[in-house]
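Input: structures, listed below.
Below are two complexes that have chain A in common, paired first with chain B and then with chain C.
The block that comes next holds the complex of A and B.
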């Protein structure tokens, strides 16, 4: 059932993902990320942005897709570099210890 | 879950055809396998199988079809294509479990499904050993009604002064006022009372101190700016703690302990008029020095009246130790009056466990007891009890960022002294059950369990046989405090040769933040109490009876300090 045309990049990503999920690391670093994003005010910023979008589009008409489309680029941009760095470092360390890629 | 979900998510009309036969079981299976996988096996399977059947990628908002086994990504519309082609109109998003309806073209929320989803999520977390996680508040029916009938809302901005209110001095009652300020600014206590969690158990409700505390919080957070007159509180205190009655100046620390005790008893509906039997007499709020050779429970902290004294004739690790019960000369305080551990809000917030280890110097057997405490009373240099100057090189000296440059005593110094091993001397020999004879021993205190709010009492009022005086030595105290070096577990690590504290950034359990300081100005005979309290994380205010003024952190940290209130920085859900 799995697709035939998977390039190397996708394969590696999938393998990494598998390791992270199996060893609960995905869950743990998600939690860490969540906590950090709350601490630095990212969550509040985006929440405010969501409210603006909803006001704009109207509560009755707005869909999740609208929000995702509007909020994703801003959300990605607003993540502090330090948080990205820390998470990346953490994942690297983890994979170095656990993966046989 | 006793709260009824009021906002009944209507779902959508298209769910009708889905909710047939064994749909609940099937849905649960989907949640367990592909959304919230608890067991390692399930996670493995999820990782392997959850990829898009079209492009093989696991990202891009992967969804699973609810009608057949198909995974497709949302962003690339692969799931949409499937839905259209097969006319399978429902899909579930694999990261957060949302249900998408392709006919409504949006996520839909159905009450039955929401309930199942929450249950499966909790199950998975439990299996993973994560326990409970934070979930946002959802109002109950009653709460919605209350909100509707009381439309006035108060917005908390960073510079609003809600929660600040002066207290009129009713005649030398500043000792009470500053404790009230500290308590009304204890975050957990505030949350407890403002969310109306107290259910009165007292026979005569008018005499309940907890109820009065509750109305006190209402007064403080009412938004009124005029000072409050706490006459009812004073009356209740006089009724329930007779030793504090009268218009004489009392000790603020004494009042704190008495207040906590009365609150603790009233939470359970126990009536109390004065002091319980067997309690030591205290003159002017100062504990009498313990007689030599008496192995009472730690003399320093004030034992909460009527609390359980847990006994543990335990075996402790450490080289060559065996567990022996060292029989003390005096059984004072070792009786457990209440075997049931109380779970009232006072105990939840303020009660910690103090471990006392008595080691026989001959056979090295250790006898351990753990006693509950509400505060830690610390001796100061300049008192008649010798305060050993600790060299800067000893462990923990650079903890909490305190410097010893000017030779100032720090709070950490006092804590180190408090937890130092103390040789009990030849006049205080203990009968060791291992040696079957009286032997010399050392005693050491450490923290077994830290309370959520830690109160440190600097013993400034000296009351020995010869003199009564106030010790005004400046003791510097930090804004943030790490209690790790004083924990029983740290001591065990050191005994086992682990000198380096494992620097674990995820273990924040012993970190505290200062939130209130009570100060005494003047002499033993005549003095005045004021307090500093913390508002909004980094704003401090000075409370001098009816007068509240803004204060800077420097003002707080430079003050003499008599009672120091620290709050745990991180709270875990149990």
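The block that comes next holds the complex of A and C.
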């Protein structure tokens, strides 16, 4: 009983560790992506687009939903291919490393 | 909801499986058991997933794409929130400029102008009027001129200090009258003409630009008496005592310039004057037995090359005052000579012990003379050329 408990302990710890690692990886990736997008001018482009949208809709009546609906598809499209590539590569590497438990 | 042993069921809020009957009154181990079981299950499921994805590459790829999409969505959403907040707080349009200002500050791209539209060397040709001397000075030279003109600034104070030191020296040397009557008489007669001429030619005796002189003098501060030391290129020697004169002549060229009637303060190798002139000056001041200081250094050197000296001796036969009079060299000069000797020793091989060949050292040592003060260069012998002409 004690032995099995110890095993479970170890397993539990391993699982927690894994979760933490994944979360950390996600956080890092997210930050990296944000930095890259600013660098490549994605943010400025999107901002310009936002300005137009807001001017259309009127400054007072802008809602989050409006913005999200307008901005997200454009944002997804505007991500440069290099950034996308790099990020995918990073994710794949991570999965390859940590998937084989 | 089935209730098992212990009240912790409530706090956990789950009962997928009935908890085992617990004997102990404390419910902590129970919680632990339950959470453990949950984790265990999730772990199993995960491991199944992992192994699955490990097998299936396309699934792996799909997962990667999913993760990427998640991240991008995150960024977009974050951006939207930022914008919305900026709009609602009112600072979204703050970084915009109105079109008028945009035109004002547009980048200029014309030849001859910089990007701000300014002309390149606009101030080169402009002239300013000095408030002190009311002269019109070029703009780029205005600051140094003002420094000199007003007598402020680093250089001006240096020059003023030097002048003070000179006049002090002058006053001091005037007091040794006993041994120097002859010399002083000569100097005075010569000097009075010199002074008259000098006064006329001076622009402004107090102008700080004058005087690079007397770097070699031991300066002592006292009341300034600037009118005797106005010329920048030399020293007025009439107030020097014989000791000072001798010391000067061993270190400097000393040739008296015709325009200014002052001794040249440049090195013994100064290109403006010939060695002949230098010797003449020394003879004039120190008597016919005086020789150039480099010559006397030979006394202290033992490692001379004899062969070359012979050739030089023959060239120099015409010079009568080739004999060195050790008494004249005196104790006051030996220290300097030793310095010379060391200098000559190290750099020149054409030296001789013989007295007659001392003058051969004139040319070479004149080159060496500069060694003491400047970096030691191998002295290019000007001697042959000079003496060839003379011969």
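FYI, the second predicted complex is superposed on the first by the 76 of 101 C-alpha atoms of A that agree within 3 Å, B and C clash if a C-alpha of one lies under 4 Å from a C-alpha of the other, contacts with A are read in each partner's own complex, and residues count from 1 in each chain.
Keep in mind that, in the parts below, a residue touches a chain if its C-beta (ideal position, glycine included) is under 8 Å from a C-beta of that chain, and two chains touch if they have at least 3 such contacts.
Predicted model only: the values in this text are computed from it and were never measured.
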Contacts of A:87 with chain B and chain C, given as first, second, both or neither: second
First (chain B), second (chain C), both or neither touched by A:27: first
Partner chain(s) touched by A:77 [first = chain B, second = chain C, both, neither]: neither
Most chain A residues touched (candidates chain B, chain C): C
First, second, both or neither for A:67, with chain B first and chain C second: second
Touching partner for A:17 - first (chain B), second (chain C), both, neither: first
Chain A positions touched by chain B in one structure and by chain C in the second: 14, 18, 63-64, 68
Of chain B, residues touching chain A in the complex: 37, 40, 43-44, 46-48, 51-59, 61, 98, 105-107, 128, 130
Interface residues, chain A side, partner chain B - complex: 1-3, 5-6, 10, 13-14, 17-22, 24, 27, 63-65, 68
For the chain C and chain A complex, residues of the former touching the latter: 36, 39-40, 42-43, 46-47, 50-51, 53-54, 60-61, 63-65, 67-68, 71-81, 83-84, 87-88, 92-93
Residue numbers on chain A that touch chain C, as the complex places them: 8, 11-12, 14-16, 18, 26, 29-30, 33-34, 37, 43, 46-47, 50-51, 54, 59, 62-64, 67-68, 71-72, 75-76, 79, 84, 87-88, 91-92, 95-96, 99-101
